[in-house]
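There are structures below to look over.
Two complexes are shown next, each including chain A; its partner changes from chain B in the first to chain C in the second.
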Partner chain A sequence: MNTDNNRTIRARFHLDFGAFALDTGEFSLPGSGVTAIFGHSGSGKTTLLRCMAGLEQGEGYLRFGEDTWQDANRKFLPVHQRPLAYVFQEATLFPHMDVRRNLEYGLRRIPKERRRITPEQAIEWTGVGHLLDRSPVRLSGGERQRVAIARALLTSPRLLLMDEPLSALDIRSKREILPYLERLHRELDIPVLYVTHSPAEVERLADQVVFMEDGRITAIETLAEATSRIDSPLFFDEGPVTVIEANVDHHDDAYHLTRVTFGDHGLWLPRQPLEPGTALRVRILARDVSLIRSAPEETSILNVLPVIITGMEPTGPGKLAVTTETRDGQTLLTEITRKSAETLGLEIGQHVHAQIKAVAMME
Partner chain B sequence: MIELFGVELDLAPVWLTLKVAALTTVILIVIGSPIGWWLARSKSRLGVVFEAVVALPLVLPPTVLGFYLLIGLGPHGPIGSMWSLVSENNLTFSFAGLVIASVFYSLPFAVQPLMHAFESIGERRLEAAATLGASPMDRFFSVVLPLSQRGYLTAATLAFAHTVGEFGVILMIGGNIPGQTQVVSIAIYDHVEVMEYTQAHILSAGMMLFSFAVLLIVYGLNRRMEVKIG
Partner chain C sequence: MNQAVRRRAPASRGQPTGTPAATVARSRNIAARPALLFPLLLGAMAFSLTLGRYPLELGQLFQALLGQLDGEQAKLVSDLVMEIRLPRVLAAVLIGMSLAVSGAAFQSMFMNPLVSPGVLGVLSGASFGAAVGMVASGHWIVVQLCAFGFGMAAVGIALLIGRIQRQNALILLILGGIISGAFFNALLSVVKYVADPYDDLPAIVYWLMGSLATVDKDTVLLLAIPMVIGIGVIASLGRALNALSMGEDEARSLGIPVRAVRLTVILAATLISALTVVMGGMIGWVGLVVPHIARLLVGPDNRVLIPASAMIGGIYLLLVDNVSRLAFSVEVPIGILTALIGIPFFAWALRNVKRGWG
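After this line comes the complex of A and B, so read on.
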């Protein structure tokens, strides 16, 4: 069994393309969980991932646990000898093989004693069992990407690299595939590096985040750290977001709702296809949360939580981010106008109620 | 010698033509693969130069190519003098000379379809195969080759057919030695020269039918593969 320690990634890459240069400096990444590599297009996140895989050769070094994959003395382990798997942005299935033979491609190329993930497991996790005899040409974008993920897993990799696996998909396919990724996150004991420019994907899947800008790494933070500062790059597009780790409590099928709980509190979500007891993350946009001074007696909003105001910070002209906390310490960010804040007379330490208009599983 | 339509016909040129074309095709597929591969992947400027060199036989008059081959394959030429180290016979006016000349002459017809086939496979699929543990050779045989089937079929057909149709270059370096270097196209020319129109007809019609049949089979297969790969 691997301990996290002997899967720690230590590396430095420098690669010059003329117009663009990747220059990471020394960095290390934990050998467990999902590490998102986040940045705008052109920030160098894909290049960084390709350097790790050995698909690009820059100068620098790369150590995975005790193993050296690349060093300054010209050692460079070729891609096919690295115990990693790679999921590409676009579908890379082999069109001359059916799905089953695509899945077997990687499996057959690793020695038996290294096989830890069985075809049954990979097929179940990705839900591709009914596609085995089909040609990849006849699959939808989402199905193709799920097959590609299953194929990658079947190499029993020690490190899984994913390069924007959802970005080439339409919204429906994204919705279809994200639950599978979340499930992998729960069940798979393999460190994953996940390149994305979508804050939503980071917030749903990542445990830590590498922020990149202009070919450089600007910060490496845990998700909690990354979502606790109002100026986080994750918030540039949709404003601040709260991520809550919750558990499925029960379903109310009469109203097509699912109750999830965290600490002493709970939230109603649209019916989720998950077993009670399953851990899940919910993300709440700060702009979907409003504050009221006393508990509302009649409201169409299902989710109202009593909170204490712990901070107020301007986020733009006329707008304030108000940080609140529930009784048991869960932070909940809200974004309101300065006018509302003044009308309500909000101040730090005040007890108010947060009305949550939408609890998003996915936007 | 056989008798057909009341005339004597020497079939030796037919067998010789098929032998030269078949051998040339095999050689071209073998050497055309790495050349086509390199041209398809190379990003260097040298690639462009090489691509132009490979395409030269398409535009040069066969006599120009034949002339240089005659000098190159001759006993004092670079290829000819090397050949004399391993063989007592001259390359020019020999079967081996015909094959070497045909390889040069038909090179673009094999390399270009292969190059286009390799280009269309796309870098990502090969990278995916590499991340799945396939070595470069393994990638070639498990991904490149099956996905270039049509390219290979086209390359082989064109190389074969083009070699069969060769005339000028062979005349320059092979002469016209019956039984040794006299191929069908030259035999037809000879028959016409001496007014043996029946023999010329038989050989010409044979060539027509053969070429048509080959093309028919290739296009038929091509279409079926298209359906299969989608």
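After this line comes the complex of A and C, so read on.
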């Protein structure tokens, strides 16, 4: 906890571009874990990140733990004196150097005694070991971005800033790179600020979320808080989502499935390339969950959990969000039609069963 | 630590197709190439020293250089080599190196392969300065001081204009250079207009064509020191220039003090470019053409490209100067030749630029 306090970020930024203004007010971010900065295009999330990095200079202040990077007395530490690394939307690798030399460029930035991330670690976490002799010209988008991340890590930053690192990638590359980002989330002990407009990325990677709108911070919440309210901005696109922190229990290779557990319960997932015991996040869309009154005897659906209804809230004309809880207190959101709710006679406090059609790791 | 990275390399993994293997192979040999160019430069210098109205054998040349000649011609040959040919050869090499290195550094820094050392106005300023010096005094030292001073001043003005907007963007810097260069060109026209048409004007016009015929030993030795320092400073910034050529934000986030590096490159390049004008007048196109040749040979890595540009620039200008002083019955101003060679090359290079220069 002590180290976290040493890295707590306290800041306020004001930056006026005329047509757009960033005005964050005072805020503080925890010095560990992944903090997602979430908002629509033009909400100011990238500008906020650039202010943190020192790529933009607005009014205000920024303290990283005990260190002052910017204050009201005209102190402004230039980017190259801040112990941070920045991953851009599009990876910019040196085209004339192979991957190894690109990585060495990051490594050489800091003297040996201050290196805290070894090349072995950076290469393993990003899975670029087999690419070392390649030219960046011959890498896929996802591979390029992983090399850029490895290069950033090799500067042993105390703060990692990532500006929509997946947004320039196609769906396949995104799928390929997300497990590596999850791995970083597990392995890194430095705070990461991650700008994104994708709720799925927030739900898979973030520990806390900064919500932004029109250049202002509207809320800073833990992921649990952010996903516990039905009106969360994270739910605008795909409707409510439940995020469950689970552990890999075992694999069933005959059926190509992976059993994950949380509390007293378990779920079947498509086979995951993870060791038993690994922590992972499971993401369940409320619209993929249906409710039945008694335990089904025959169903094609693998995952059925006994739950208690704890809340009902309309989400649109004819639609209801039903909040349920498992026996050990895990919330599970479902979205059903009002007609079904009335037909089933659902009410708060009722014991029902939740059938989960698809347990997604990622869309 | 390098080895730690290397150790994880899957040595036995087959190379998929030609390019990656070729790239890696090239990047390993790459550092050797500028070093290989150095003996070539020395050879070109020795060869050039033997050329002239009074041809020398290589053996005689080395004896002269080592002061081992005797006999009745000893004094003549020794003076010829040490007082006349060597200063001129050194001047050609220094000027070629300076212009090529400035051009290569500016091309990386401005992320534009079509930029030349004069982009910030240094050559226009220096030309104006030299013209003013000729009209005002005619003393050689005044001409040189004016050329140097106004060359630096022109770039200072470009920097000031570039900083009118606080963002310090590169495009404003280039615009500042264009404005400053145009301003000094206009002033140069004024000076030409008022210059004595029978005496000063021909001198100015001839100066603007560039020539190494007037270099003397003392000037060359004096100017060689700042020029070599300037070239060395730029060559030492190869790593930072690599990062700068990828964009400002990227360079800054890779730990490069962008503003300081830019200012250092501009100052060093301006210094050595202005000194080339002091030494030999206006010699155009070298700073544009040579970096392209160097890039074809060693690739765009600035740690190698800058030294390679220096070597090739030296060799190139030396050869052109040999043509300039020997090929015709009268000496042709070297600036005319570099332009005649440079312009078609530039047109050809434009064609390649479309395909990218990485």
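Of note:
Note that in this section the second predicted complex is superposed on the first by the 361 of 363 C-alpha atoms of A that agree within 3 Å, B and C clash if a C-alpha of one lies under 4 Å from a C-alpha of the other, contacts with A are read in each partner's own complex, and residues count from 1 in each chain.
Definition applied: a contact is a pair of C-beta atoms (placed from the backbone, for glycine too) under 8 Å apart; a residue touches a chain by one contact, two chains touch by 3 or more.
Remember, predicted model here, so these are calculated numbers, not experimental data.
For the composite obtained by overlaying on chain A, chain B and chain C cannot both be accommodated without a clash. Of the two partner chains, neither chain B nor chain C is touched by A:301. Taking chain A as the reference chain, the count of touched residues is higher for C when chain B and chain C are set side by side. Of the two partner chains placed by the overlay, chain B and chain C both lie in contact with A:96. Clashing C-alpha atoms between chain C and chain B turn up only in stretch 185-193, chosen from 77-85, 149-157 or 185-193, once the structures are aligned on chain A. Judged by the document's definition of touching, chain A residues 53, 55, 78-80, 84-86, 88, 92, 94-96, 105-106, 109-110, 135, 137-138, 155 lie at the interface with chain B and also at the interface with chain C. Residues 53, 55, 78-80, 82, 84-86, 88, 90, 92, 94-96, 105-106, 109-110, 135, 137-138, 148, 151-152, 155, 161 of chain A are the ones touching chain B in the complex. Chain A meets chain C in the complex at residues 53-55, 78-80, 84-86, 88, 92, 94-98, 100-101, 103-107, 109-110, 112, 115, 118-120, 123, 129-130, 132-135, 137-138, 155. Per the touch definition, chain C reaches chain A in the complex via residues 1-2, 4-6, 8-10, 13, 15-16, 19-21, 23-24, 27, 239, 242-243, 246-247, 249-250, 252-259, 299-301, 358.
Note for the complex: chain B touches chain A at residues 124-125, 127-136, 138, 142-143, 146-147, 229-230.
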